[in-house]
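The same chain A turns up in both complexes below, where it pairs with chain B and then with chain C.
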Partner chain A sequence: MTLRTFLWLVPCLIVWAVLPFVVPRYMADLLVFTGIYTVAGLGIGLLLGHCGIVNLAQATFYGLGAYASAYCTVMMGLPSIAGFLVGAAISMALAYIIGRPILRLTGYFLALGTLALSAIASALFFEWDWLTGGTLGIGGIPKLNLFGFLLDRPSRYYFFVWLVAFACMAVARNLVDSRSGLMLRAMRDSSTAAAALSIDLQALRTKVFVVCALFGSLAGSLFAHHASFVSTQSFTVDRSISFLLIPVIGGATSIPGIVVGALFVTFLPELLSKLGDIHQILFGLALVAVVVLMPEGLVGAFAKLRTRLAKRGSGHG
Partner chain B sequence: MSLSSLISKLAGATALVGLSAIAVQAQTSGEPVKIGAIVSATGAGAGLGVPERNGLLLAEKDINAKGGIKGRPIKIIVEDDASNPDTALSKANDLIFGQKVQALLGPSLTASTVAVGGVTHANKIPQIAFTGIGPAVERERKCVAHVLPPQRLNATALLEYAKSIKAAKVGVLHDAGYGNVVMAELKPLADKYGVKLVAVEKFEIGATDTTTQAAKVKASQPDAVFIIATSATPFRNVKQIQITQPVIAAIGSSSYEYVNAMGPAADNIVIPEFVVGEDPLPHQKDFVELYKKTYNSTPKNYEAAAWDAAHIIAAALNKAGADATGEKLCEAMKAPYTGVLANYNFSADDMTGIPISSFIFSKLVGGKYTRTPFRVAQ
Partner chain C sequence: MTLSLVLQALFAGVTNGIVYALVGMGLSAIFKGSRVINAMQGEFAVIGAMMTVLLMTKSGWPYAAAIAGGAVAGALVGAFIEVAFVRFMARKNASEDSFLLLTIGLALTLSASVLFFIGRDGHLLPPLGGEGVLIVLDAVIQFHALWLIAIGIGATLALRAFYHRTTVGLSMMAASIDADGAATTGINVGHMRTFTFVLGGLLGALGGILVTPLIGVDYQLGLNLTLKGFAAAVLGGLTNPLGAAVGGLTLGLVESLAIIGISSSYKDVVAFSVLIVIMILMPQGILGRAGRRGG
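Entry: the complex of A and B
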């Protein structure tokens, strides 16, 4: 770690640690959601930024994680960790089974394939009300209890959620920087060339899809313990689209970009809602503006701006 | 004209031109008593949320025109959850901890109500939801009251009417959301009423064509048809395939938005509900008049439910004191209350206490509601 990064990192960490205590509770609540969405968005970012795959099925894995936590704790009375593990296991198994055939597709067809998966899952969450509670959902999910410390308010849960998010970021960073990461980039830029170098594209894509599902499921379990309630309305295709927006807005190849995207998706609708019923139209316009004006996302646009300023600075000097 | 009705009419007229502040200042002074409200003003639940918001804002003016809370004005802060339970949760956190409201009204949808109830229950904030009681966990929440009947009561009302017209065989068309929930209650009750469900056909929420399902219902030759949905589509389809048996619809399709979309297919449908704006019951007249004057339209059930919720919390505040704690307000709310929509008793096990006798059975004639003489005795 260079001194420069260190000088950046320390104040950032201080702000992060102090933030939930200084902002009002509803903002702390939104910061918890930002953490949860960061975890879910990281998986989508890996697929989009490093494999060029548009995944519209993240709400499925998010839902599986949430329902696993809800069912294990409320219906079966098991400890919370069981929900996290069961959710993760089911999500990863499903991602593997479904990923193998559908990841043979490419481009728009693959995006449509994942959209179909999301639509089917959302219908099943609805229909299997013996398992999911259907429209009425499952309520009364207990708050997490870490060694006797009850995470019953946003300012406490914030730290747990963000520690999980940081751990997921570390895993993502590791994956990207590893040999697999290099193979991924080779595959994204030219799949024919990558195949010629004897890279097993199918296995590699499936691996990332499984990691993405794991992140989605973790985010879902975190959400269930935060909201204390899960219902079909939280896991529709709309939610999959908003997860996809996270890397698109923040910047798909950058890990900090995912955090920026998650902040955008959680905070902007909230701020705009103060402007009355047209808030959804305004949010749509903001999205279009970001996508059209900043094709590399907010982080990409910021990096470009910095380079331009640096160039201008050196030009004057 | 009595003084109070003169005042309420004045308040209605001033609201129309946006000069309500004058009426408020004339009656109340001091720090406003803040009440939070969450409705689905946008998204799938907008058909409920928009009328509810109208009812709330009208109630706010009415309460203030009548002296507010012990002379202090009431301020209802209305937020939109965009029909999403996660947003409802954030809004509830903002209203309770950010804006420090004394109580919470809404939300419009069951999922949001259960989500928000987790916060209000844990923090002892009184809540009056615009939904019927939902999953089991809601029965433990003794300070989350409901101003709409539980789905079991809606199912009972449908069966009571079927019994009154001697329909022994009934076909059901229901959607996969609201309809599913009512249906779950209807099945076990049907046996008790000696009604045989000869066809039960489900369709997707927002389906644009339900002809196949309607044809199956027709083929089963029922004596009457129940339609349980929040959509105009099944009503049109039933008419198109010429089902001539009586059609009884659940309250979910009662808004004018749906009735207008049904067109001529709306004729002769019977709905067990509460407010017939064209022919209100004596205790509903003042509310209906004021609503018509202010908004230039006829109110239905959801406007009245929101109006009642605001008045119930105002009555509790007047009883327990404007700065009473949540627990004291809950206690104050527990007394029986005669509302515009129904008679409530929040100490009942279902957190609403609406008796079946509160239901009115209305019939649609030429796109307008008419009240039928049929009522169910308690």
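Entry: the complex of A and C
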């Protein structure tokens, strides 16, 4: 770690640690959601930024995690950790089984395939009401209890969620920096050249898809314990789309970008909703503006601005 | 399972199939002409239908004129989107994904606008040919469904004739096959791309207007129609608008047979599973390579 990164990392961490105590409760609540969405968005960012895959199925795995947690704790009376593990296991298995064939598709077809998957899952969540409670949902999911410390307030749960998010970021970072990460980049930039270097594209893409599903499921379980109530409305195709927006808006290849994207999709609708019912239109327009004007996301646009300013500065000096 | 039940299901399948076909044909016309997957194709249907409803109820236009107005509205929105967004992004060499995300953003905006300006309620249009029904072997068929099928087939044939017989249609085909070559022969490739969006908007709006007397139109109709239109276009091979017509019919029939065979609640599950399987096993669509020619 260089001195420079240290110098900006420390103030960031301090702000992060103080934030839940100084902001109003509803904002602390939104910050918890930002953490949850960061976890879910990280997986999509890996797929989009490093494999060039548009994943519109994340709500499926998010839903699996949430329902696993809800069912294990409420219906079966198991400890919370069981829900996390069951959700993760089912999601990863499903991602592996479905990923093998579906990831043979490329480009639009793959985007459409994952969208179809999300539509199927959302219909099944609705139909299998013996498992999911249908539109009535499952309520009374207990708050997490960490060695006797009950995470019942947003300001407490905040730290747990964000520690999970940081751990996921570390995993994502390691994956990108590892040999697999190098192979991924080779694959994204020229899949033919990568194949010629005997990189098994299929296995690699499936691996990232499974990691993405794991993150989605973790986020779902975190959501279930935060909201205490899960129902089909939370796992529709719309939710898959808003998950995809996280890396798109922030910047898919950078991990801070995912956090920025998650902040955008949690806070912007909330801030705009003060303007009344028009907020959904403004959110759509904001999205269009980002896509048209900043193809590399907010973080990419910021970096570009900085190099331009630096160039101007050196030009004068 | 009786014969009349099967007949009823087949008929419902053809009716829905034609609507999916119209949406899918528009989608595939746009993809063919601009390489943009239009995730707001279903919103064209909502625009067309809502415009028709508003022209009839608020301005008191006669039904036929209102339908024409709705279709023109769809075409104009299509042209606007090409001129305002797609052209700008194409100049900056935007990636495939950015176009997809652009249209997703536009779809969200339009659906939210309908919710904000018109409201949550669904709206119906009067059925074409009146409320009457035709009874064949105990299966009930609305006159409107017959009109819908006839107009759908007419639109498909007209589209075929347009692509093969008119100068504009041939120029659009040329521009989509080889943009540089087309430009050398004096075709304005940029204008052709605008026309494909006009055509896409027109076909989508027509689909929306025709389906509204049966199921009504509200702000949520768009996404569902987009998904089904996508499926129809992919089944037909994506670059062939006439293939999308075959794809839409197939999808409608598979869905309605699934309703008899399994349960109506698994309709979407079956439709989308078929889509995934076809994409994996038959990447060229159900017509194979032959389907890519013509159209």
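Definition applied: the second predicted complex is superposed on the first by the 317 of 317 C-alpha atoms of A that agree within 3 Å, B and C clash if a C-alpha of one lies under 4 Å from a C-alpha of the other, contacts with A are read in each partner's own complex, and residues count from 1 in each chain.
FYI, a contact is a pair of C-beta atoms (placed from the backbone, for glycine too) under 8 Å apart; a residue touches a chain by one contact, two chains touch by 3 or more.
All values reported here derive from a predicted model rather than from experimental measurement.
A.B. asks: Applying the touch criterion given at the start, work out whether A:Gly137 contacts chain B, chain C, both or neither, answering first, second, both or neither.
C.D. replies: First partner only, chain B.
A.B. asks: Does chain B (first) or chain C (second) touch A:Gln280, or do both, or does neither?
C.D. replies: both
A.B. asks: Go through the superposed model and pick first if A:Val288 touches only chain B, second if only chain C, both, or neither.
C.D. replies: second
A.B. asks: In the overlaid three-chain picture, which partner chain does A:Ser190 touch, first (chain B) or second (chain C), both, or neither?
C.D. replies: A:Ser190: touches no partner chain.
A.B. asks: Answer with first, second, both or neither: which of chain B and chain C does A:Glu127 touch in the superposed model?
C.D. replies: In the superposed model, A:Glu127 contacts both chain B and chain C.
A.B. asks: Which residues of chain A are in contact with chain B in one complex and with chain C in the other?
C.D. replies: 126-127, 277, 280
A.B. asks: Quick check: in the complex, which residue numbers of chain B touch chain A?
C.D. replies: Counting only chain B, the residues touching chain A are 41-42, 79-80, 82-87, 89-91, 93-94, 96-98, 109-111, 114-115, 117-118, 122, 134-138, 140, 176-178, 180-181.
A.B. asks: Under the stated contact criterion, what part of chain A meets chain B in this complex?
C.D. replies: 24-27, 29-30, 33, 126-127, 129, 133-140, 152, 154, 223, 227-229, 231-234, 269-270, 273, 277, 279-280
A.B. asks: Could you please specify the touching residues of chain A with respect to chain C in the complex?
C.D. replies: 48, 52, 54, 101-102, 104-105, 107-109, 111-113, 115-117, 119-120, 123-124, 126-127, 237-238, 241, 244-245, 248, 277-278, 280-281, 283-285, 287-288, 291-292, 295
A.B. asks: For the complex, give me every residue of chain C touching chain A.
C.D. replies: It comes out as residues 37, 85, 88-89, 92, 94-98, 100-102, 104-106, 108-113, 115-116, 223, 227, 230-231, 234, 238, 265-266, 268-269, 272-273, 275-276, 279-280, 283.
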